[in-house]
Each structure stands twice: as structure tokens, then as C-alpha cells.
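Right, I'll just put the structure down here and ask away after.
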Amino acid sequence: MDYFIELLFSGLTRGSIYALIALGYTMVYGIIGLINFAHGEIYMIGAFTSFVVATVLSIYGFPLLAIIVLAGVCAAIWSSAYGYTIEKMAYKPLRHAPRLSPLISAIGMSIFLQNYVLLAQTSDFLPFPELIPDFAFMEPYAHIVGSSDLMILVTTAVVMVALTILIKFTRIGKAMRATAQDRTMAMLVGINVDRIISATFIIGSSLAAIGGLLIASHIGQINFYIGFLAGIKAFTAAVLGGIGSIPGAVIGSLILGLTESFATGYISSDYEDVFAFSLLVLILIFKPSGILGKAETKKV
Amino acid sequence: MKFGVRRPLLAAAVALAFAFPAASMAADTIKLGVAGPHSGDLASYGLPTINAAKLVVAEVNARGGVNGMQVELLIEDDVCKPEVATNTATKLVSDGAHVVLGHICSGATKAALPIYKDAGVVVMSPSATNPALTQSGDYPNFFRTIAADDAQAQAEVDYALNVLGLKKIAVIHDKGDYGKGLAEFAKVFIEQSGKGEVVLYEGVTPGAVDYSAVVQKVKRSGAEAVIFGGYHPEASKIVTMMRKKRMNTQFISDDGVKDDTFIKVAGKHAEGVYATGPQDNSANPISVAAIAAHKTTYGTDPGAFYENAYSAAQALLNAIEQADSTDFDAVTKALRTTKTDTPVGNINFDERGDAVGVGFAMYQVRDGQFVEAK
Amino acid sequence: MFPLKEFKKSLLVALWFVALTFPLMVIQVDPIERIVNWRWNNMFFVAIGSFVLSVVGKAFFARKEQQLSKKRTAQNEEVQDTIFQRVLREPRYLWPISLACLAFAIAFPFLFSTYQTNVMTTALMYVVLGLGLNIVVGLAGLLDLGYVAFYAVGAYSYALLNHHFDLGFWTVLPVGGILAAFFGIILGFPVLRLRGDYLAIVTLGFGEIIRLVLENWNEFSMGPSGIANIDRPGLFGLDLSLNMSILYLYYLMIFFLIITIFVVNRLQDSRLGRAWVALREDEIACQAMGIDKTKTKLVAFSLGAFWAGIIGVVFAAKTTFVNPASFTFLESAIILSIVVLGGMGSIVGVICGAFILILLPEYLRALSEFRMLAFGGILVLMMVFRPEGLISNVRRVYQFKKNDRGEK
């Protein structure tokens, strides 16, 4: 039974990280219908920014709590700034272009950002400071679930709730939903669509940055390439849950994380990704628009 | 030989000129090609080789060159990809490289070697450890200054079974060319020895966000030690995860892990980890000088395979000097017969191309440093 | 000429970028030695660089805008084509140009070095791959992100058959193609119901599955260490030297390319080709017209896959070594970029796209470590400035002239 619980937690941790990244994918997709391939890179930049900030602060002797807060805030600010700039430079000019052009622009942006960080910082792996301390009350359970796992789960849950409130009840959330439903109509009722799109990128990017900070401090290392695989996985999760749907992204991520964890635990980690992708294909065969995606009905 | 010493060189140059119309003809410099990943995710394994080559060449040129000829570097990137490596190799060959230092990754090396072989270019890798490269006999133009994977796997298994006296071993690898090859050898050696058993044999996906599921599996298998084949980023993730789960399973790994970055990244969790690596050369004055030269020129500690690359560059240039020619047969003969003083010891090469006198030693992390474990 | 307001804006842009790149460009930390390295001069470079780029970019967009408004006021009813597109449509220009290109291609190995020829062979391979994917993405409108899987199927069929049974290049060539086409149908079936981006992710997954299986199933594919010493293509049992075989492969690729262009061109105008275009434009209307959707989609997948399989075989023969690392998602992305960048559905466009994307990184080698940075940046810039692709496909337009029937 212990083994099962261990795998369950490991899957939930993985799923939570995927969820933080997948939300950015799904929000951007919901609003402008673009697969933002550079989103994984935003997550990486978030992790790097928090690394730089946290290390500088710890060198100057700040207390741990201040470091965590400042690193998180800075990561979110700079990641959002990158997300905002990327949207303005690489996607906005392509808003009326054929559907695949922004996709290629996104792939180019992703290659660009990876190499930018490689050149600006280093190609080496860097040790990420352990920001999440081992909580004393967790010690009896440390062999099953670590403090950082718990921290990731709690943070993700809090972020989800906050995001749901934002989308459901605030003015900007309503405007976002309106834009997602029908951009032209939203414009007609006086919503500044450009601003809403920017806001979406900013929110999505800051979530990714938080994800970057958490996972980097969980596994203790970063380099410029971490965004790629995480991005692909999160994208898979977003589609699995039904791209464009926010609860869908979370559910898809958790399912993906758990599948990988249990496949590794009970079968073999050699094929963990094969299981993940097979599950995706299987679900999409029976539910072609993902678990919570709305089936597209078209009137003729 | 009836011909003067210069003749074979001339003949070689003419042959080369015939073969590659656009190749530059100047025979007044020795062209040392350097190939490896200089960009992309594996760049950190390739860049130290450039530094090593630059330093060796600067030193040789300052001394007056090789038999009066200056050495010129031709640096080409192969991103560790086989399909790019063939282009890189063709480029180096058509630019007239006489000898090549590289490639870094075994896969890229395998793809590039036939091209060098046809052009009669000697290749020496500081890091390609795939056993087949020398043992298959397919590549008479290949040499290396690092011992092959099977020797390394043998060293790891011997240490785990005989020195540490462990019985149950989990073999983990990173699904890569290097890591998986090594893990397979380790598995076979454990089974053959009859002293221990392989309780788990699994691959992990490099770059995955978290390895806790695999770590749980190791714990459940009751392994006393993990033998890991792969590179340090995954190793440090697995070790960190194991220690966070309060497991004190021994961790034994390879020279992809015996890198100071591993200790930096894994921090306190690195303590007690075993890793095989090239023999300790810190008593060797040439090695000390080579590292000091890197520090004064680049201001940092040298990276992966630096000493092997430094040695390879020295061995190649020395062989050309001894042979007084860049002719393929003369250079290979010189590599096999004459010894060169290098950071990895006084070496020459056997018939298959492996360096004689280069082997592995076992290291353990103690107080944040790799110390040779006796 | 250049108003002060714009100047101020550019200054702001520069300031924004300085702030944006500050943590990564200026600060470098060494967490072990606990040293912070402030690289202030980088900040200076970023400021100057972004300012200049912003000024240039603004000037460019201002000109583009001017041209656009001019066009609008011109009130020209006829669709304005670029000179290039007009040339492409006129057989009397097209033929001489194609022949000149062909002559140049044939003379190429004698004008340039072996290395250049080798690189050109790679580029030609990608042209054919692009044309193959163009059938799926450009014509049938099915976004395929796992095209590299079929490429891998072709490459591994040659590698394995050559390794185990010593089969030659020419024997395996059709086998590889057909096997890949078969895989195309296998992939095609489950995804028939999927649309747009759902299709994209499933194909991506499919590509990854193929690669992972090759990586993990050692008994079958020799795992990550790959298969080495694959025979180069033979020419009537002659033993070719390296140079000769590079030359041979080059001409072989020219030959394949001509066949591919011919076939794709004929396909485009065939019943099937028009069915694909109809499917891309509107699935429902297409069904209503009595087109068998299932069959049309499956044929698109399998034909696209067939070309990838063929080129896979050539790839294995060219590198003489295959391992799973050559068939990553990035490869699919590059091939897709070729199609989109060149202009979807346009043969000439795909050819241009492939040459740009494959030759660019080779010639950017001079930039050494900035190579991939420049590559990514250029990809973005090209899309921003030419969103339709370099040469967009010319739709056949029928124009009714008012005077034909004597109307007013």
C-alpha cells in the first residue's frame, strides 16, 4: 500500500507541474487559437530568473523567506514581461495570417530563447538553491512524500483556485471569456481585445514562472534546455484535457502525471512516454476534443 | 625508404589535391581539425576540447611548430548529431584537415569515421567510449585517449561486488547511447560473476521533471546499490531524490558523472557517491601545467574531457612530428610505436586504437571532492 | 524624415529591452564560489542593438503600410500578383527558368567542393521531405507534427534489412517507401475524426512513440547505439570511392526531386488533388459533394508518408549510420517550417523554404555559437514579414470579363 501511495504522490507532483505550464498553453489557445511553442521556454526563463535572483540574494545574506518571495515575484514579473514582448513581436503581427504561420513563428521563438539563455548564461547545469526547507512535521513521512512535493501540491492548488476566481468573477476574467468565445463580438461590445490578449500572456507566463521556480528547487538543477520536454508534456496534457478549457488542463495534467508515475512503478519506465502518448491517442479516439473540450458542432 | 622524407607528404598532398579540387593546397601548415558539439544541449562536453586544442597548438606554435610547420586549427560543430557529423567531417576533409581531434559523442563519431577513413585522416577522440569503435576493427583510423565503456563497467561491477561486497544491484541508465551501453555491460558482468544479482534494470527519460517513481521502484526492489549509466544531470536528480526519500543505497556511476558539476549540483547529497573516472593525474606535472594554463588563459576551471583532449592533441601532433609527415600510414605507425608524455600519462596506442596505460580508477565524493577510493 | 516621436518610441523600446534582459544578460552568478558578476557592458550592447533594430523595424513597417494604402486606393479590380507568381504561371518563362536551374544543379558538383555537394544533397533531401509533407499539410490541410516518424521507418527499414539480410539500397528503396505508407495508414485510421490541433498533438505523439520504441527495443533496433556501417547505394556493383558516392547520391537526389516535383504537380491537378483542397477548405461541404472523406484523408497520409520513407532510406544510405536521436520532434518541426515558410501548397515555395532552412544553419557556421540564435530569430522575422510564406500558392482564379457578353 505504501508503494501505491508513494507512486500516487509522485504522479500528483508531476501532474501539478504539468498543470502550471499547461494552463498557459490552454489560455493562450483559448483566446487566439495558437499553440504557443515558446511557452516551455517561458517556464525555463522563469526558472533562470528565480535562480539568478535567489542566488544573488543569498550571497547578500537575505533571510530564506525573503528570498523565496522575491525570487518568485521577480520570476513572475520577468516571465510575464517576456511573454508580453513575445506576443507583441512574434504573434501580434501575424494575427490575420494563415493559421500555421504563428506556429512556425513560435517554434522559431522557442529556438531563439533557448540559445539566448545559453549564450547569456551558460550551457552547463547549474545548482538551484534549495528554497523549500524540510519541514519538521513532515519528517515521519519523508520516505513517502517530501516537503517540496507537498509545497508543489499546495501551491498548485492555491493557484488553481485563484485563477478560477479570476476567470469566473472578475471583470478581466469575463472579458477573457468573451474574447475566447468570439473575438469580433467582444470588440463590438467594447472590450479592448489587444489588452486582453496581453493579459492572457502575462497570466499564463507568471503561472509558468511559478512552476519553473517550484520544479527547479524540487530537483535542484536547471539548464537552458529544461523547457523543451516540460513544454511538450504540458501541451500534451492540455490537449488531453481539452485545449482551451482551464479545468480540462488541470485534469489532463494530473491524468498524465499519474499515468507516467504508475506506468513507471508497475510496468517499466523504459516506456513511460509511450504510455503517456498512447493514452492520449486512446482518449482522443473516443473523445476527439479531449476530456472537457467542447465538441465542435458546425451548422451548415 | 628510397624517397626523401618530404616526398610522401607531397604525394599525400597531391593525392588530396586530386581528391578534393577545392581543398586548400598549402602544405606549409599542419591542419588540426576539431569536431564536437559546440552548440546545443551537449555543448558543455565539446567546448573544453576546443580550449585544450587551442592551448596545445599555441604552445607548439610558440615552440616553432611541428618540424617547422605552424599548426592551424579548423573548428567545426557537429551538435553531437550523426547526420550533422557527416557534413562536419566532409567539411573538415575538404578543408584539408590532416588529423582530427574529435568527435565527442560516440554516435556522431561512428557516422563520421567512414568519411575520414576514405580520406585517410587519423581521428582521435577524447571522449567517444563506445567499445565497438575500436573492437569492431572497422575503423583503423580511429584512436582514443579514454578507455572504453566495457572496461569502465567492469571496474564498477568489480568495485560493487568485490570491494563493497554488495549483492543486490539495481542497474539504471538514461536510455542514451553511452549510458545504456554501459548499463548493459554492467548487467552482463554482474550476471556472469555469479556473486550478485540484478534486481532492477530500467531506463529513465533524460530531462523529465522528476524521477521519484523510479526511485520508489529502486527502494522497493531492495537494491543495496544503484549502478547508473549516464550523465551527471540525471545522476544528481536521482541521488538527490534518493537521499530526500531517506534512502542510503550506494550510488555507483561512470565518468559521465565524475564531473565537478555533479558535486556542485547535487551539493550535500553527492557525498559518498562512487564514480569511475580516468586515473588520477594530479601527480602528473603535465596535467597540473595543462590545468594551470587553462586557468590563466580562460580564467575558469577546465570542463569535461579537457585532459583527454589535451592529451589527444599532444599525441596527434607528436606523431606527426615523429613521422615527419601527415601520411596516414606513417602517422598511425608513429601513434602505435612512440610514446607521448601527456596529462593522462605516458601513452601510446595499441593495434585497435585504444590508449595503452589509460584506465579507470574508482572515486568517491568526500567533503565535496572526488577522492580516489582505494 | 524620421519624426522625433518615433525616435522617442525607439528609445523606450531600448529601455524596455534593457530591463527585460537585465537578469539574464547582466547578472551572472556562481553559486559555488558565491560570486556575482555584473556584466554592465552587455546592458550597453542590448540598448544599442534594440534601439537600432527598433528604428529599422519601424521604418520597414511604415513603408509596408504606405504600399498597402497605395494599393487600396488604386482601386484595381484585378488581383495583383507579384512578378514572381506571374512568371510561375506563364509556361514560356517557366520552362527556360526550370531548365536553367536544372543545368545549374547538374553542374553544381563541378563548380563547388565536395563539402558543398554533400550539404546540397542534404538540402535536396529536405526539399523532397517538404514536398511530401506538403501533400498532407499544404494540400489536404492535415497538420502533421510527427512526420519524422515515417522518415525513421524508412531509415530503419534500410538499416535493418541491410544489416541482417544484406539487402541492397535499390531493393529496400520501394520496401521502405511502402512500409512508411503502411504506417501512414495505421496512423491515419484513429485520427480520422480529429480536427486541427488535436490531430497535431496525436501525430506528435505518434512520432515520439516510434522514436521511443526504437530507443528502447534493443533486440529489434539495437537501441540508442544505433546501426553503423550501412552500405552506401551501389551502382551496378561498382566500388565507389567516397567522392564518387557523394556525387552519385547527389545526382540520385536530383533525379528523385524531379520525379517528386512531377508527381506532386500532377497530383495537384488531379481529381484526388482537388479533393484534398476541397477537404482543406471545408470538410462538410466536401462530404456533401460526394467525396469519400476517409479514403481521401488516408491517401493523403500514406502518400506523404511514402516520400518520407523513400528519403529515410536515402538518409540511412548517406550517413551510413542511424540512431533514434536523428528522429526527434525538432526534425518534424523543421520540415513543417519548410512547408509553411515556403508557402503552403506551393511547390516552388517548398523548394525555396528547404534551401533556406537547411542551408542557412550550414552557412551560419561562421557565426559559430550564435548560429542557432540567428536561425530562430530569422525564422520569426521571416514569418512576421512574409506571413503567407515566401511564395504563396496561386489559387486558380476565373475572371469574368464584363464585356464578353456585350453587357454595359
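Letters A, B and C mark the chains as written, and numbering starts fresh at 1 in each.
Criterion: contacts are C-beta pairs under 8 Å (C-beta built on N, C-alpha and C of every residue); 3 or more make two chains touch, one makes a residue touch a chain.
Predicted model only: the values in this text are computed from it and were never measured.
Looking at chain pairs A-C and A-B, which one is connected by more C-beta pairs in contact?
A-C
Measuring from the mean of all protein Cα atoms shown, which chain centre lies nearest?
C
Measuring centre to centre with CA averages, how many angstrom lie between chain A and chain B?
37
In whole angstrom, how far does the Cα centroid of chain A sit from the Cα centroid of chain C?
28
For chain A, give me the residues that contact two or more of the other chains.
Answer for chain A, listing residues that touch two or more other chains: 115, 118, 122, 126-127, 270, 273.
Which residues does chain C have that touch at least 2 chains other than itself?
31-32, 216, 369, 372
Quick check: what residues of chain B touch more than one other chain, meaning two or more?
Residue numbers touching two or more other chains: 39, 43, 175, 203, 264.
Touching residues of chain B toward chain C in the complex: what are they?
By the definition above, chain B touches chain C via 19-23, 38-40, 43, 75-77, 80-83, 86-87, 90-91, 93-95, 106-107, 110-111, 114-115, 118-119, 130, 132, 138, 175-177, 180-181, 184, 203, 264.
For the complex, which residues does chain B have touching chain A?
Residues of chain B touching chain A: 39, 41, 43-44, 47, 175, 202-205, 207-210, 212-214, 216-217, 219-220, 232-233, 236-237, 240-241, 244-247, 261, 264-267, 303.
Where on chain A does chain B make contact in their complex?
3, 6-7, 9-11, 13-14, 17-18, 115, 118, 122-127, 130, 142-143, 146, 148-149, 215, 218-221, 223-226, 228-230, 233, 260-262, 264-265, 268-270, 272-273
In their complex, what parts of chain C are in touch with chain A?
On the chain C side, the touching residues are 16-17, 19-21, 23-25, 27-29, 31-32, 34-36, 42, 137, 143, 190-191, 193-195, 197-198, 200-202, 204-206, 208-209, 212-213, 216, 284-285, 288, 329, 333, 336-337, 340-341, 344, 369-370, 372-373, 375-380, 383-384, 387-389.
What part of chain C is in contact with chain B in the complex they form?
31-32, 112-116, 118-119, 122, 215-216, 218, 223-226, 228-229, 241-243, 246, 315, 318-323, 325-326, 362, 365, 368-369, 371-372
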